[in-house]
Amino acid sequence: MSTLFQQIINGLSIGSVYALIAVGYSLVYSILSFSNFAHSSFLIMGAYTGFFLISTNLMPPLLAILLATIVSGLFAIFIERFAYRPIRAKGGKSLYYIIASLGISIFFENFVVAAIGANYRTYPSLLPYKAIKFWGLRVSILDLVCAGIAIIFLILLEFFLKRTKVGMAIRAAAFDLTTASLMGVNVNFLLSVVFLIAGFLAGIAGVVLGIKYTVYPQLGSLTTKAFIGAILGGLGSLPGAIIGSVCLGVIEACTAAFISSQLRDLIVFLILIIVLIVRPHGIMGVYVDDKV
Amino acid sequence: MKRVAIAIFATFILISAASVYGADTTGPIKIGYLAHLTGDASVWGIPETNTAKMAAEEINAAGGILGRKIEIVSMDSRSNAADAVNAVKKAVAEQNIVAVLGSNWSGINIATSSVCAEAKIPQISSYATAVKVTMNDDGSVRPWAFRTCFMDPYQGKVIAYYLNKELGKKTAAVLYDIGSDYSTGLTQYFEDNFTKLGGKVLGKWAYKAGDVDFRPQLTQILSKKPEVLMIPITYKDISLVVRQARELGMEDTVIMGGDGASPAMLAMAGPELQGSYWVKHVSPEDPIVAGIWKKYDAKYKPSGEYANIYKAYELVYFIADIIKASGTTNGETIRKAIENCKDFKIADGLLTMDPKTHNPLNKSAVILQAVGKELKFVTKYAPVD
Amino acid sequence: MFSSYMLSVITLICINVVAVTGLALLTGFTGLFSFGHSGFMSIGAYAAAILFVKFNVPYWAVLLLGGVAACMVSGIMYPTLRLKGDYFAIAALGFGESVRLIMDNGGNLTGGARGFGGMPTLTKWPGALLVAALALILMRNIIRSRFGRTLIAIREDKIAAQSMGINVARNQYFALAISAFYCGVAGAMFAFFMTYLQPMMFDVAKSTELSSSVVFGGIGSLSGSVIAAVILTAIPEIFRPLMQWRMVFYGLALVLTIVIKPTGLMGSKELSFSFAKQFVRKITSASKRGSRGESKPKGKK
């Protein structure tokens, strides 16, 4: 148990990245009530774009990263416009959204494999791989920076949602899309904004993941963990997504360390099932029943 | 059942379109090469296939064998046993290959061995190191499966003996991939041998392929303060593991692993990997190996996988010489020839096959160490009891 | 006439047809998408293999027992059915991965990552065709029964169905259990086709392949799913050289299908000769000026 605090730090580090991904995913879910499995594609887009821009050495790294997130955001808007909007126009069955997003993620991941190659790429060293030592614990500088970036983006998001007009419209739409449109909200524009934000978040998550764990086409598979985190915290709730993801990170770390590293994912799955039995709407989930 | 009938009809149309090729017994001798041309493992599969073709071209330029040219039929396993089985079946049915060379993954070879047995053609793996590739669980040998490299039991022994006897280490921790036959096998053989020598394995931690963060496991390992961290995993995971290990404060621990290592990992975690030891089948500094490697780099996109390049070259020449010596491409004849070969000349020395296990006798291992940007040769090593 | 290679592809197609048929009930007719059905195949495969190799249970019995085993394990997914479909899909993903992990950790029972072998090649094309045919006939009867109609009602409008007194979760669960059974049988057949099993053979890619076949074929069309399974198994063999791009087109095709024609290849119509006749009739009558406005009963045989 002497390693408990270190494991909690490890868990927080893993969980903070899950949180960044889960928030973007939860945002889309809260408005359209569907799981955007293509979120992983936005992430890969950000990771690779960031990598290529930084490798060209044409601009300061920070600018490259910013551009990468913008590219992801635009990519997300593109997907919404051409894949999801037609489905919405035809009735928007949840099953169709899931399948379309799945198709996009398969297409994109394999496109990257075929066109760019499956080999992993390493971001040039932007930060030292050193750790800060205190109280016998080690926190890597990379982790602190990544967590910092995550927190900044989440604060910006919070500000945007609570203090701007568009943000208010989004919150209204999350409550009830149809009524919001009756109130004069331009739904198409709104959805573009939501996806832009989701794309931003996924893009920055992609860059962060790329720096921490190298860039490769299957990087998007980490979004599955983020989805589970979002479910644990309550689908549709943004604070829930963050809390659920961070908790998931810590649970994973502690399970691997103290219970069984071989069976970690199985235990996490069982915990998920138990949570769904006991508290189906997650830690902070607000379940709004489908209305007729 | 109308629908099933229609479905089957559609199948016939589709598949008959696929097999328009007929049998061909007078043209070139076709040799199949099974490798991963897509996915992570393509870092080994592509050089192996290219080298095979390069070797074939050389042989043809020198006159071919038995008056015929040889042709390499490349089969993509897609790192997936079901696809590999289909690939081999297709090549057997449509191209009449006389042998299957490769792959370097045990699971793929075990799955395809029954296809080769049914088609009565020998299968020689490049670097598939699991025991089951050539032997069944009850100890009987698989008649048509062979290999010319050492196995995981041997590799585990090499690592254990080198660490304990040469480097004097007494405690070790292992981090392995629970979903990999290679990783789980090597872990077991290492542990058996290390404990036999009086060493102690302080613990074994696992992860799942696809995991990228190993710090929970590494934190626990560090708390036990082992002298050695043994990682029987492949290059991509090696880079991440070692980087994170160093970050967590692992400075004095010796790091050692098996032949899943690759120079590619130095590009990612070069500074962190300095001083680590790796087991390989051949040395990059061996003049014959280096010569073949240089030839390859001159002709194709340069690759760091010199061992696989060497092996593919050796295998093609080996099977060609066996066919020449047997005077025929008949499956049963060349199978017997391979099984009984004794002091047979291959690129890098002499090969003697053990007819009881279909494994080569007297294969030693090579220990490399990461120094600077390369894996440098330390010594040839054969554990002595 | 047919090379052993072609026959083995036909066998593989039959195995996939059995699995896809089961999944068609769940995804096509009940509207639940699953990312984890290869887990059920895995359970069926290993159960059948272990029973055969270690306990000498005969082949036809292990096929059924494999299905039963998968069916029993499907119970764990019940809690996810009370919630929206997304919960089920993601939980199914977790399920598939968990099954794989259990098989990896099976030690001497399952052989772990090093695999489990020793099965003779008992799944050959005549037997496989027979099983596939039986599977289809059984499924057709299920769909046409009252239970089948209940599922369609649930798919179309969950709330309306509930207000009619239908127990949504329970019916969804039966569909899941049946789909698990089918996948288990398919897995058992697969074990005796490959003669060697490794947990990694049943991964997310396999699950996705199965579930996507149902989408392509047409949500609500059994023959559509079968045709899609045939095509999706045969195409990779024909286009081997384009292997890498195969998955790219596959993903693209999925998106295009669902965006342009969400009901898939066959829509909710079934393939039948009367449909073909009707189609021809429609074309020829439309070519005459002013079609006569006859309304023939649509598709279902």
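Going by the order they are written in, the chains are A, B and C; count residues from 1 in each one.
As a convention for this text, a contact is a pair of C-beta atoms (placed from the backbone, for glycine too) under 8 Å apart; a residue touches a chain by one contact, two chains touch by 3 or more.
Predicted model, so just to flag it, every value in this text is computed and none were measured.
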| item | value |
| --- | --- |
| Label of the chain whose CA centroid is most distant from the centroid of chain C | B |
| Comparison of B-C and A-B (more C-beta pairs in contact) | B-C |
| Averaged-CA centre spacing for the pair chain C and chain A, given as whole angstrom | 31 |
| Separation of mean Cα positions, chain C and chain B [Å, integer] | 35 |
| Touching two or more other chains - residue numbers and ranges from chain A | 113, 262, 265 |
| Multi-chain contact residues (two or more partners), chain C | 101, 104-105, 244 |
| Two or more partner chains touched - positions in chain B | 38, 178, 208 |
| Of all residues in chain C, those that touch chain B in their complex | 3-6, 8-10, 12-13, 17, 100-101, 104-105, 112-115, 117-118, 121, 129, 132-133, 136-137, 194-196, 198-201, 222-223, 226-227, 230-231, 234-238, 240, 243-244, 270-273 |
| For the chain C and chain A complex, residues of the former touching the latter | 27, 31-33, 76, 79-80, 82-87, 89-91, 93-95, 97-98, 101-102, 104-105, 158-160, 208, 212, 215, 219, 244-245, 247-248, 250-260, 262 |
| Residues of chain A touching chain C in the complex | 29, 33-35, 82-83, 86-87, 90, 93-96, 98-100, 102-111, 113-114, 224, 227-228, 231, 235, 262-263, 265-266, 268-270, 272-273, 276-277, 280-281, 290, 292 |
| Residue numbers on chain B that touch chain C, as the complex places them | 1-4, 6-8, 10-11, 14-19, 37-38, 76, 78, 80-83, 85-87, 89-90, 92-94, 106-107, 110-111, 114, 118, 130, 132, 136-137, 177-181, 183-185, 208 |
| Complex contacts: residues of chain A adjacent to chain B | 2-3, 6-7, 10-11, 13-14, 113, 118-120, 122, 129-131, 133, 138, 140, 142, 209, 212-214, 216, 218, 221-222, 252-254, 256-257, 261-262, 264-265 |
